[in-house]
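Naming follows writing order (A, B, C and D), and every chain is counted from residue 1.
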């Protein structure tokens, strides 16, 4: 079964075609088909997993490929490779996809283009699965672009809203800039090794097939793609705007799966990164900066989805840090746990939005725990997992990352600890302001109620996962489920995990500082106390609120530089190339004609004179030539 | 010897009257000079002992064409207008230059080329029969076409010069 | 078998001419008769084209389905096979034949709604199509040029009579520039035939002469620019591209489709046939220059398209950009790059045909092409928008559609030979995303401008055409090997093209 | 006997005078008369060559006849045009008949 894991991608692919073509005419616009599809790939995943584990470590990675195209010496094979990293990704994608599909049935009820929403969701799942299954960079790139397309379509689902269209455009173009880098990197690899296959490339690089500088440059290009997709500084701008899309989409695409594709790519290529000089340090620095930066910005956001978005960016930064420190398992583990609790938080936010009839500004919420107990409870679990409460999922994975960074240097460790405190801080702020205290807008609160089972069940399931997912790190837990050991051992056969109680203490201390700081600030506060900062340091607050002017800077760059250049080129094309070059030739001809026409005097004697002169000239010429 | 003297006299006279045609101040004088010039060329044909063509020259040119020209002069009333305007156009000096250049070229070529043999060595031979045969046998088709041309020109002249009803 | 298939080519070439001849005798008032007749002809041609493409043996000799009828020989300086009607296809022309069949049929269906002098339109249209087929099939320099001109000249009337915005200007400029280019080609043809001294216009014979030194290297370098500039005008070579935005702006819908879809490819095809195949040494010498021009064109078109306000101008500049890719691919003289160029010809052909179809459909109703006049029309024209988005995404190079297949090959080939230019070419693809999405955002989405509440979606005929074109895009995007296999043998056998 | 050159020189002079007349004079009738001079010079040439080369065949002479015939036709037509011109524009001045220009 593992070698036929491509079926996982094929099922939603077919579902997409069916739903795009006939979805509108199906009963209930085909939402049952979407859920069925998600459920079946969830089930199929377990078949793949069982088979994969049965085959044993010696058979990994499981490969299967076919000849795709060939021109001369240029051969291209397409296929899948299933290894532990892939399995982790498959687990995340199939689980979250199923939850989101179920949740969407409730969330999207009565929304426009219901059928189209589900169809594109299947397209996304298909491409995302293809992305993680791909055994070669080209197929990965294909899937990479397709998930980008699905993301574009889903962000722009409410295209009647101008802001949604702008957000979709921004997401597509920003990631596209990164994709340019990725494609260049991929082709540079091919240029050096003659193959797109990731394993073969790794082998070639290990044999030293690519020179140091060149390898570094190539990896930087690859990293560019990863940064674009995973919204790392300075490509992070699209992700908060992407919250214009339906909330379940934010959970699936912009929290759990697509945005971690960059992390996945770096993890997948980590053996190559390790050989590429300082490339890993770049990864680490990018991750650190992102984690800190978005932690700060999240603190000044008032839209619950925006807070979550910046939190996601920040957590992706954590993952990059782990990878930059060279720890695949730490990065992947955080990816794994983060997927569950962040999907939970987003879906929880979705439940809030539905429950309050489309209110998502924290200033209008508050005190919801009474009205929506299930949502509040699950949201609390998710928040605590994100903040890193022992022994929830987020705690273990963050612990792993801190552990990983220890080896890099105290500065990195220190900065990451600050980022962890900020995580706890803004998470607390989010929860307190949304669910606790007194309702800040009675009108909103009075109409709020718990959404139906179809939406709360996924929340409960994900809350459960947020609690237990962290235990995968333990040897015994993994063994009991049939894995060769804990998460780290499964991923790259490392040593069994042992709890470092000192680090646990430190982590807990970070959590306590952040949480209590947040609680002290916002507990029962009718007023957002971040306004305290606004009064104390208005310039700093404004800078944070304006996201350190990144968006303004980009806007300026696009409006003034890019479009200005475009106007210049258009002008040049019209006036220089066309009006001067082409029409100029025409008018020169015209003008010459204008000058020469004056020879046509209309006076017979002039013509006669011309004839006579011509005859004499001809006679003289023929005399001179012919003798 | 006498022939040559006579020839020279005629040649000079032809040149003189031809010059008269183009330089005369009044058009009627030009016309009279033209008649003389045409007659002189006719005489040249006699020197060449080709009487037929000389006859044609006298008849058609000396008679018909000249009469036609005089008629035209009278119809356009230029003969008696006294010509207050200049008789030559602005490009007359250039015309003179070109004409002189042409003359130099023609004379130069004629003189510099060697003409062996003699002229009129077969003077006896050109009879009217020979010309007739040539005209009606060898050049039958052109002859007929020329006839057609004359007819067309004749009709055309009438049509063009006709007084129209509305004028 | 080979010659019997040659008659298929002859049929595809002669059928449009016959159709034009028959239409001459149809009274101008019988519009429906002319339409049905043309649709049938288009369908038959599509069938023949598909047959030619499928019957082309990927593993066989590069040149297949040859048919040779002697015409003028042993006269004057002409020797054996002096000028002969020599037809045949290689992998590249087989692919382009398919393109012609698809676009011509789609164009016929689109011309259905033409009311003004419909019959005369079809007559000229079929003459043009015949010229296109002829150019792709001809293996004789004389007939190559003959059909090339036959394809170009009817454009003047087609645009001048049935066009819109500034049609006289557009038609005049287009025709003069193309004919100017033809003069260069004609000079080059005579120079080559004279220099080879074989007394024949037969292309395979001359190709051999070009390779074995009968045409000296110096001459090749001298003549090559004539061919490339001559063909380059039609291929939208920068800076001789300016007929493209204006011409497309003026041309009626189905002419735009055929013109941008197929005719521009004649130019690039000419560069292969006359440049690379006939003058390999000249090609090697001049290709870096062509590469630079192609790259400039690709970037320049994309950047200029960013701020255009007219649909057709965007497509016109985008065509410049994409034909720039074709030239880049050819200039690499690398197997993958040249294959990519051929794929790009097909890809751009179907894609741009679809785009012009859609623009025409909108313009017929709205009578404006200014982007800022629109907004939110996805509400009233969902099919139209979906089709446009598909075309736009192919334009952007989204995997799964033909644009990616083609551009990927070009990029790979360019990186192997001139990495820096490869990077610039990829950058142009990123800019393509920007101008496409900008247009999507402004025109298709956002709140519906109430002025357009009455717009109608695609008509059934337009839908059929659009689906045909979209299927072609998907076919190449999803399943590469039927296309690349047919190109492989031809491209690897091109002189001077390295692996 | 008069040598051949003499005839050629004589006809050359007449012809050049005619050319001058055509180029310089303004009166249309006079221009026509100058044309007649040129035609005569040419006829003279024909006949002279006929006598010099092949008097048996009389080809040159026939040519001269044709020249005269065509000249007659030409004079007839041209004078008709002149009369027409005069009637329409009250002038026979060629410089003033300049409508057919740019």
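Heads up, the rule we're going with is that a contact is a pair of C-beta atoms (placed from the backbone, for glycine too) under 8 Å apart; a residue touches a chain by one contact, two chains touch by 3 or more.
Since the model is a prediction, treat every value here as computed from it, not as a measurement.
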{"item": "Middle chain, criterion being Cα centroid separation", "value": "C"}
{"item": "Distance from the mean Cα position of chain B to that of chain A, given in whole angstrom", "value": "102"}
{"item": "Computed distance of Cα centres, chain C from chain B, in Å", "value": "68"}
{"item": "Averaged-CA centre spacing for the pair chain D and chain A, given as whole angstrom", "value": "96"}
{"item": "Length of the line joining the C-alpha centres of chain C and chain D, rounded to whole Å", "value": "62"}
{"item": "Of all residues in chain B, the ones touching two or more other chains", "value": "89, 91, 94-95, 98-99, 102"}
{"item": "Where chain D touches two or more other chains, by residue", "value": "19, 22-24, 26, 94-95"}
{"item": "Shared interface positions of chain A, touching two or more other chains", "value": "605, 609, 612"}
{"item": "Every chain pair in contact, whichever chains are involved", "value": "A-B, A-C, A-D, B-D"}
{"item": "Chain D partner contacts - residues on chain A that touch it in the complex", "value": "597-598, 600-605, 608-609, 612"}
{"item": "Complex interface listing, chain A residues touching chain B", "value": "605-606, 609, 612-613, 615-616, 619-620, 623"}
{"item": "Residues on chain B engaged by chain D in the complex (per definition of touch)", "value": "3-4, 7, 11, 14-15, 18-19, 21-22, 27, 30-31, 34, 37-38, 41, 44-45, 47-50, 52-53, 56-57, 60-61, 64-65, 68-69, 71-73, 75-76, 78, 85-92, 94-96, 98-100, 102-103, 106-107, 110-111, 113, 115, 117-120, 122-123, 125-126, 130-131, 133-135, 138-139, 142-143, 146, 149-150, 152-154, 156-158, 160-161, 167"}
{"item": "Chain C-facing residues of chain A, complex", "value": "68-74, 76, 138, 141-143, 145-146, 149, 156, 159-162, 164-166, 168-169, 172-173, 176-177, 179-180, 183-184, 187-188, 190-191, 562-563, 565-567, 569-570, 573, 577-578, 581-583, 586"}
{"item": "In the complex with chain B, residue positions of chain D that touch it", "value": "1-10, 12-30, 32-34, 36-37, 40, 43-44, 47-48, 50-52, 55-59, 61-62, 64-66, 68-77, 79-84, 86-87, 92-95"}
